[in-house]
């Protein structure tokens, strides 16, 4: 804050709404110290060889070279890409379809909406465990279908390294689509009723109206939904820990888990910081230009 | 670096845990049936000295518990005492001056000459000072075979690894999983270590694990090891249990032929009321190369600025190494005592085998002693991947050699 | 050939009857206006004709075809909404051609029709703009264009001008009239603004509570309102009402007696309690009032000059009286003036049934 | 040529028209997929272990027992201490209440200041906060460990409360700012004319009007904080573990055979609080989130 000159002129900016500034101190502190300071600190120490304790002995890009040479990190990135891609598409498609179905003024709308949204209230740990049991071969779906007679039925995603990520995807979708459905429904209800009438008069079918008219009109809602889903994907950790804990082997590892394991379990802070900086870079590439455009740029709302 | 650690030390001092005099919070990760029973022995012995043992068990094996324990010590909220595998893990903590120096007590009670083998105490010493109390000797190089399983398959109980591998097809015919294996990296890594010692032998093992000689890691001995591990992977194909004690349970209930696991598995067998030699057999060094590593658990005492707690810490240290406690604890735990001067006549057949090997002196320091946590984690990740994929033995060996090359 | 026939149309939302047994026969090319206060059911009737609402009973025929169960697009109607309902993400050209593309019409045909509509509505320069970049008037023209390109038989307008400012409304009103004149299509136009109704309509249907009060030409409705409600609704400034008694060709109210000579009773002349309505513009003042059958002296309470004409307030027979005078008339508060009116311009309504006598 | 039936009155809609069947069909199938896990957990948590081993998990319990719930609540063990989830529950409550109050108080003041009292640079901090909301937590985990250590809060409940306040701030501030910007400007100007100051307007005018957004903020924070696992594992010691972490420990520390009924009862117990809030607030939960998110 610039030091205020003699206040012959009207009081300098510093003192104008003083109480507002004081009230915003916590926000300023959080923004500067934690978000900016914390991030800078981590990025800085990602260039050191700190093991258990942070030490400023710089090693340049060694941590990053090792990171991208580590098989477990490559698997984590691959999993994140697969999970992110499908989770983004399915959440949007299922979310929108459910919202469109519920928007059709059907009986029992509230009951359906409650059922679709309750998973969102549950924690990822609960979701992970629930789906671990349902997908468990000896207890869940496979066992039930076999007991119904189809002996050779095998459905055991959580023990098959190639498709375990899809087991996590099922649980992730179960938990996440509810919120997106709600947001889409709010968007749909915001559309002027006459647009629907005009489309009917023009003889355009319901599905075509959704695709060619309604969805283009809901661009801001879709952007918000994309941003919410994306920020959820990047941070995925609890669900994997609860459902597969990275197993079988390291087949369902995710970047967030790599960071935590290397920072605390392998007591190699440098490597952990390098991994978390990589996560930050991926966020910067995908999200921030977008989010800035939505929230920062033209301030709407 | 010094300035930083002074800061850490002061932080530790000013927020000592608010335990009252005589009360000591002890953290550890012995949460399975047998282990919990053994810990109870420690707690009982310590309470007998007028102090109170406040149990801080942390579930989820060492891998999960260690980070929690360490971040608490670093975070300035240390516990009274904690279990850690002695070796490189605590090195940085000692360097940062966060661990109590036990040298006076050690010299007063003459630990130097009663701890056998001496390598155990060396693992606790850092720059000449002693910082931890070894409480047991665990060796990983055992395979536990279920008599019932082999009877069901109409086979004699094998005496060594090769016989075990030969018997496998028959076991499978009888619907028995030959090898029980938990789906966790550290268990697969333990099996790898055991197979290495048994097949590659001590010299090759020392060249790679201690001197980190990459050529040997790439050499023929280790090629044979990775072949054996690939075979073991075959044998454990359809045992999809997670925790080690669930795998041991498969052996106890004759659903699996055998399990490669450390001597702490004995605790589970005892809990199930099985008798060594009758219901199950233990083969040290897989019956091929009777060498045991002398890793094991030890207790460290974070620095706490509270006289009463310090006294309680010393009381616990000497209780842990006292003969009666050693006997009671190790019997339940199934591990070997650290004191050479007590007789474990009550010990069962497997512990006797361990004692003889120990007495014969063909023992060696455990991996924890010379590989950093970082390298250990990388090897565990490699093993986790190897065991759950169809990675070839050669690729596995190449990846292992790279890790050894980059280890410091 | 009848363009639109509405037969015994009834619509109920649960227990509430919104449209009550309506019958309308709209000949080819007629411009019918549905006029009424909000909530009288005019928009609902329009939506029923369009097929956007399912009727509870009755039939709708367009071009002698029973379309009661037809989808809106199958009825040969185009509709223009109050909120224009243009597709915001498409250009003007996109909006115009979307319906045709959907009906799989040939590209050349689409191009031709869009060009024709754009030329009629003078929106050629706007074809590549998005609705957001258009003014209210332009958007309305594009909305009309959307129906135009489909060569529909009947145009339906749902209060299209109420979102526009007064000046723009007047301009567009003229355009719609010119459009009707050029195209000669049947048009049904819903509004609550009586000026739009009077200027545009060939016939007007005054609606209240889901029932058509009167369906007639504007002049007929203006001069011979069917009932008290229609009389009161039409005409600005509002008609003056006197409550009183009819006694052989005279009407007594509040101490005054007005002669009814020349009043054309619908049926036989009757007597009894009734309402008399006389429009402010039918009350003459000063010298013009001299030889009228009914004359009186009144004092002017308030004067409201409005440029083209002036509205004077007085009291007659205890009831406030509105008199419309020429803009230049020199009158001020307190003047005593002579006023009078010709009974044949007045309207009499039965006291209880409020029906015209 | 009068056709057989002249169309009259409402179009006859076959009750089970193809579109209707398809619509309700998909909804019911998807609803089953969503309701399945909860159903399985409830059913299994009421069965004895033998019944689970032989029967299939979708079958309703033959003889209902509440023993798994009792065990999950008060007897399930992690290692030696067997106090079940109850300790975790009370820890979670102790973490929840101060976190919710503190985070909402600060965020509402932030939102209010940002909406009505813009000062030089206030938008910059707000933008940093919003950008901060997208930075993965992992990047700020260790620096926060150091900050808490310097404040002597590391490992205590208050440390975790501070962490939740910090990480909850961006979204909540955005929510409140959006809400307060939608409050008519004249109201704020009128109050200023009447001489009310920053806090006067906040308490007497803004607060009373902002009940709906407060309820939304409370719902978001309660479900968010109660369901947190990552911060709970890192910033507390075993004695203070929130319910989610303790649940993960209980389910993973196995004594002999896995007791699925106790594990499922424990999972349900952990999910109970957010579920009750969700069902109790119902529409408000939905409207609030939509308002906050869509407008944001």
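Points worth noting:
Which chain is which? They are A, B, C and D, in the order written, and residues in each are numbered from 1.
By definition in this document, contacts are C-beta pairs under 8 Å (C-beta built on N, C-alpha and C of every residue); 3 or more make two chains touch, one makes a residue touch a chain.
Treat the numbers as computed from the prediction; the structure is a model and nothing was measured.
Touch-path distance (fewest steps) from chain A to chain D is 1.
Of all chains, the one whose Cα centroid sits at the greatest distance from that of chain B is C.
The geometric centre of chain C is 56 Å away from that of chain D, both derived from CA atoms. With centres taken as mean Cα positions, chain B sits 39 Å from chain A.
Chain geometry summary: the mean Cα position of chain B and that of chain C are 95 Å apart.
Chain D has residues 234, 252 in contact with two or more other chains.
In chain B, the residues that touch at least two other chains are 68, 71, 74, 242.
Touching of two or more other chains is recorded for residues 54, 264 of chain A.
The touch graph of these protein chains has some other shape, matching none of line, ring, star or complete. All chain pairs that touch, listed by label, are A-B, A-C, A-D, B-D, C-D.
Across the complex, chain B meets chain D through its residues 11, 14-15, 27-33, 36, 39-40, 43, 55-60, 68, 71-72, 74-77, 242-243, 245-246, 249.
Residues 77-81, 145, 148-150, 152, 154-156, 233-234, 237-239, 249-250, 252-258 of chain D are the ones that touch chain B when the two sit in their complex.
On chain A, the positions that touch chain B within their shared complex are 51-55, 66, 70-72, 75, 137, 159, 161, 246-251, 261-262, 264-268, 271.
Residues of chain C that touch chain D in their complex: 54-59, 66-69. Every residue of chain A that touches chain D in the complex is listed here, in rising order: 13, 16-17, 19-21, 23-24, 26-28, 30-39, 41-43, 45, 54, 94, 97-98, 101-102, 104, 106, 110, 112-127, 129-131, 133-134, 139-140, 143-144, 147, 174, 178-179, 182-183, 185-187, 190, 220-221, 224, 227-228, 231, 234-235, 237-238, 241-242, 245, 255-256, 259-260, 263-264, 269, 272-273, 275-277, 279-280, 283, 287-288, 291-292, 295-296, 300-301.
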